[in-house]
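Note that the chains take the letters A, B, C and D in the order they are written out, and that residue 1 is the start of every chain.
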C-alpha cells in the first residue's frame, strides 16, 4: 500500500513539475543545458495487467533515476515518459506512435504481453526506435530494434521437465490459458517429455475469466497425473490454485506453475501456495549480494512494501543494459545505441547475464523455486542458460 | 417554430464548420498527430454506423466490434495472401473485408430479428454474448494467429510507395465525409423516418403495415458494412489485427463514443469518437487510473442528463423539407 | 455422484449471483450491468475486514450491508432518474460498473487479494471427499434460494413484490408505493450480490476483474429462464451450469464456453420469453 | 368529492386527448361518463388515478389538490381503480388478488373483510383458484372487489361491462348500486353499455372530443333519449 501510494505521488510530481524540474532536482548542478534523453515507459497501467505494469515501470525507472542520481550519462539526464497500453494492443500501438513521433523518445521499455509487442512491432521498426522488452514469452522475435530480456521455453521448460521427472513423478497434466504463450510452453513441454521419458496425460485450455474449475480438476484427478503444470495467466490462475488447494489434491499432486512470482503470493494464502514449484529468474528471497542490492534499491525508492519480483529485475537489468549502450555509443542516437548495447555482460539481481548480439536475447540465470511459508524459496540453481538462436 | 428553424440553421453552420476545420487540420497539424487523427476517423466511421442503428432505429448492439473486427481480419487475411486466389490487392482486401462484415451482420440480423425476433435487452445481451463467443473463437484459431493476432498487414500504397501521412489523412477524411453524406441521407430519407418510428414504437409501425424486421435488418447490415469498412481501414493503417478488435471491450468503447457524442446525429457520433479517443490519448497518461473513473462518470452523466450527447444539439440539421411545418 | 456435486457447485455459485439480478430485473426491469461490481463490493469488504484482523464470518455478515449501501446510492444517483428509459439503464449501469471497478483499483490496488479459506479441508459426502468450503457455499446458496422463494410466495411482502413485477401500473394504482419498492429491491439485490461476493471470495481470485466473468453466464441464465418470471432463472442457472459441467467433462473449458454460449443464444432466440413461458401457453 | 378543472392530458406522440375538461362528482353520487370510443373516457380515468400525468388543470379529491401526486399516493388517499380490461393478477390466486388490494394501503389489516366476500360469494368459493382461470364476469367482480378491499372513498370503473354477458352486467350493476346505497361510496364510471347505466347510475356526463359536453343528465330513461344517444354515442 505504502509503496503504491508513494509511487502515485511520485508520478503526480512528474506530471506537475514536468521533466526539467525532475532532472534539475535529481542533479541540481550538472548540465542545465544538456538535452535530456527521453525514454518511453510503455506499460499496462490499467486494463487487467496493472500489477505487472507497475512493477515493470518500477524496475525501469529505478535504473534510469539511479543513473540520473549518478550524474547521468556524459552529463545527460534521462527523462521518463509514462504511457499506458491499457493492456490493449491497439492502444499500445497508439501510445508507441505517440512516444516515437511526438515525444521523440530514444527508446521504449515495455510492454507486457506478446500480443501488444507483436502489434507494436511494425511501428517500432518503422520508427527505428529500440524497444526493450522484459517479459517472458514464447520466443521467436527477431528484430534489429527489439531486445528481449525474456525467459523463453528453453530457459524454463527444459530444466523444469528434468527437475520434475527426477523429483515429482513422470506424468503431467497441462492446464493453460487459451493464449499463444501457454500453447507454446506446453508444446515445448511435450517435446521435452518425449526426450526425457515423461508422460503428458492431459492438456487443457481455459477461457479468460473462468470462475469454476471443478470439471478440469475432476479430469486432472481422474487422469492420475502426478504433477499438474499451470500456464494460466493472471488472476484466473489464482482462482485455479485456490480451488485446487481446496480439493485436497495437493497431497497427491504436485504443482508446477510457469510465470509464478511474488505477485501471485499476495493473492493466495500460505497454505494455498505452499509447495508450488516454478522456474524463475529472480525471487525476492535470494540473498546474494546483487539480489540484496536490488531489493535495497527498490525499497529505498518505492517503499518497504514494494514487491521485488522477476518483472522488476528484468526491467531494471535491461534498462541498465540500454544505459550502458548509451554510454558506449556516446549519445542517444538510436542506431548507434542499438549497435552498441548488445554483446554486454551485466550483473542482474541474480548473477551475470549476457545480451547476445545475434538475436538480441539475453542468456539468463535460471532458478527453480518453491513456495514455502508464503515466500518463494530457491531449491535449485541452474546457472546461466543460453537459449537457441531465435532468428533461426 | 422559428426557434426550431434557427436551431436547424446553427446545426447546418456547425456541420459545415466542423468539416472545414477537419480539412484545415490536415494542413496545420504535424505528421504524427495527423496519423493519429486519421485513425480516429476510422473510429468515427465506425461510430456513424452505430449511430444509424442505435440512434435512429433504437437497436442497442453490444457486439458492433464483431463487424469492425471482421473487416480488419478480412482485410488482413486477404492482403496477407492467406486465402487462395485473392492475391494481395488492397482493393480486393477492402471488398473482401466489407463483404465479410456485411454477411456476418446479415447472418446475425437474420438470427435475431427473424420471426417474433429479439429486441431491447434480449438483443443487447445476445449481441454481447456473440461478441464474447467470436472473441474466444478467434483467440482459439491458430489460422488467425490466436491471441497475438496477425501482423505485418500491408499499408495502403500508391505506385509501390507507402502513402504518406498527409495524403492518407485526406483519403480518410474523404471516406469519412462520404460515409457522413450517406448516413445523413439515409437518416433524412423516408426510410430514416420509418426507422425513427420503429425506435419509438415498433408495434405501431408494424400495425401500419411496415415489415419492421426487414427494415431493421437493412439498417443493421448497413451499419455492419460500415463497421467492416472502418475495420479494414484501421488494419491497413495499424498494420495488425488481434482478437481485441472484435470483442466486448471495443464494442462498449464505441457505445461510449456515440453516447457521449450524440447518438441520433451521425456527425455528433463521429465527433464523439474523435474527441473521446483524443482525450483518452492525452489524459490517460496524465490522469492514470483516474482516467477510467473520469470517463465512467462522464458517460453516466451524459446517459442520464444529456440524451443528445455533448454535440447532438450542436450538429442537429434542419428537418428534411417534406417534414417541415410551414 | 461427484459429477452431480460438481454441477451443484457451479449451480450454487451462479445462483448466488443471479438471485440479486433477478430481484432487480424482475421488479424494476433494469438490466444491472454493474451487478458484477456489486460482487466486488462484497468481496473487498471481506478483504478489508479480514485484513484488519477480524474474522471472515463477521465480514460475511457485513458484506450485504456494504452491498446494500452501494446499491441504494446507485439507485438514488443513477437508476431512479432513468428507470423508465429501459435501454439507457443498461448503459448507465455499465458506466457505474466502470466507476466501481476503477474505484476498487484506486483503493485496493490492481493486484489480486488473498482471502484465506475459513473452512479448509474436505468432508466425505455420499462417499466423495469434497472441499468443506464448497459444501458450505452450496448449502448457503440453496438455503438462501429457498428462503427467498418462500418469502416471495408466502409472505405479504413477497406478494407486494410480485404484484409490482406482474403489473407495475396496476400495483401502483392500488396504492403500492412503487418508489419505495424500487429502492428496497435495488438495495436487496445489491445486498444479495454483496453477500455472494463475500462468500465466494475464499474460492476464487479477489481482484478488480472478478465480477466480469459472471456477467454473461448470469444474464444468459435469466434470459433463458424468462425475464419476468421468478422461477424461470432457477431453470436458466441449472441449464447453464449443468451443460457447462457436462460438456467440460470431455472438452476443453474454452470450447465448452463457446458451445454453452451458442446454445444459450439459440435457446433465447427461439424462446424469447424464456423456456418456461412457452410451456405454459 | 371529485373536482376536475380545465384538465388536459395525452400520450407522448399521440397528442392531447383531454383538453379543458371540467367535471365535479359530489360525495355519495354514482356518476357515469358516456361517450364514443376515442373521446377520452379511459384517458380521463387514468388521469384521475394518476397513471397519466395531467399536462394542465387540476384534480381535487375531497378538497385536496392531488394533481401532482403519484398514483400510489392517490390510491392511499382513497381512490380505487377498476381498469379497462380488468387487469387482475392472473397468475395469483383469487385470495392473493384481494389481499393485494388490502396490503397495498398502509394501515389496513391484511385480512379481507367478511362483508366483501359476502357481497361476492363466487370469490369466496374460488379463493384458492388461479385468478386467470376465472370467467370474464368473475374476473370483473374480482377487479371490483380488489379495489373495494382497499376501502376507497371514490371508485373509478372503466367500462366494467365490456365483454361480459348481459345477465352478469345486470348483476354487477346491481351490486354497485347496493354498495353506493349502503356505504355512501362515490362512484365514477366510464361506460358505453347503456344497460350498465340506465336505472343504476344517478346522473350522466357526456364526453366529446376531450371535454365534458353535458353533465348532470338524469340516468333513468337514457335509453329513450334518441337525440343525446345519436349525438354522443352515434346510436
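Basically, a residue touches a chain if its C-beta (ideal position, glycine included) is under 8 Å from a C-beta of that chain, and two chains touch if they have at least 3 such contacts.
Here's who's who by UniProt: B = Amino acid/amide ABC transporter membrane protein 2, HAAT family; C = Amino acid/amide ABC transporter membrane protein 1, HAAT family; D = Amino acid/amide ABC transporter ATP-binding protein 2, HAAT family.
Since this is a predicted model, take the numbers as computed values, not measurements.
Note on connectivity: the fewest steps through touching chains from chain A to chain D is 2.
Chain centres here are means of the Cα atoms, and by that rule the chain farthest away from chain D is A. Central chain by Cα centroid: C, whose mean Cα position is closest to the mean of all protein Cα atoms.
Between chain B and chain D, the centres computed from C-alpha atoms are 51 Å apart. If you average the CA atoms of chain C and of chain D, the two centres end up 41 Å from each other.
The distance from the centre of chain A to the centre of chain C, each centre being the mean of the chain's C-alpha atoms, comes to 36 Å. Counting partner chains per residue, chain B shows two or more touched chains at residues 136, 139-140, 289, 292.
Counting partners per residue, chain D has no residue that reaches two or more other chains. For chain A, residues that reach two or more other chains under the stated contact definition are 46, 50, 178, 205, 207-208.
Contacts from chain B toward chain A in the complex involve residues 30-33, 35-36, 39, 136, 139-140, 146-149, 151-152, 234, 238-240, 242, 244-245, 249, 281, 284-286, 288-289, 291-292.
Residue ranges on chain C touching chain D, taken from their complex, read 156, 159-160, 162-163, 166-167, 169-179. Those residues of chain B that touch chain C in the shared complex are 58, 60, 111-112, 116-118, 120-122, 124-126, 128-130, 132-133, 136-137, 139-140, 252, 255, 259, 289-290, 292-293, 295-297, 299-300, 303-305, 307. Within the complex, the chain A residues that touch chain C are 1, 4, 46, 48, 50-51, 54, 178, 204-216, 218-219, 235-239, 242-243, 245-248, 263-264, 266-269, 271-272.
The part of chain C that touches chain A in the complex is made up of residues 2-3, 6, 9-10, 13, 102, 105, 109-117, 120-122, 129-131, 133-134, 202-207, 209-210, 212-214, 244-245, 248-249, 252-254, 256-257.
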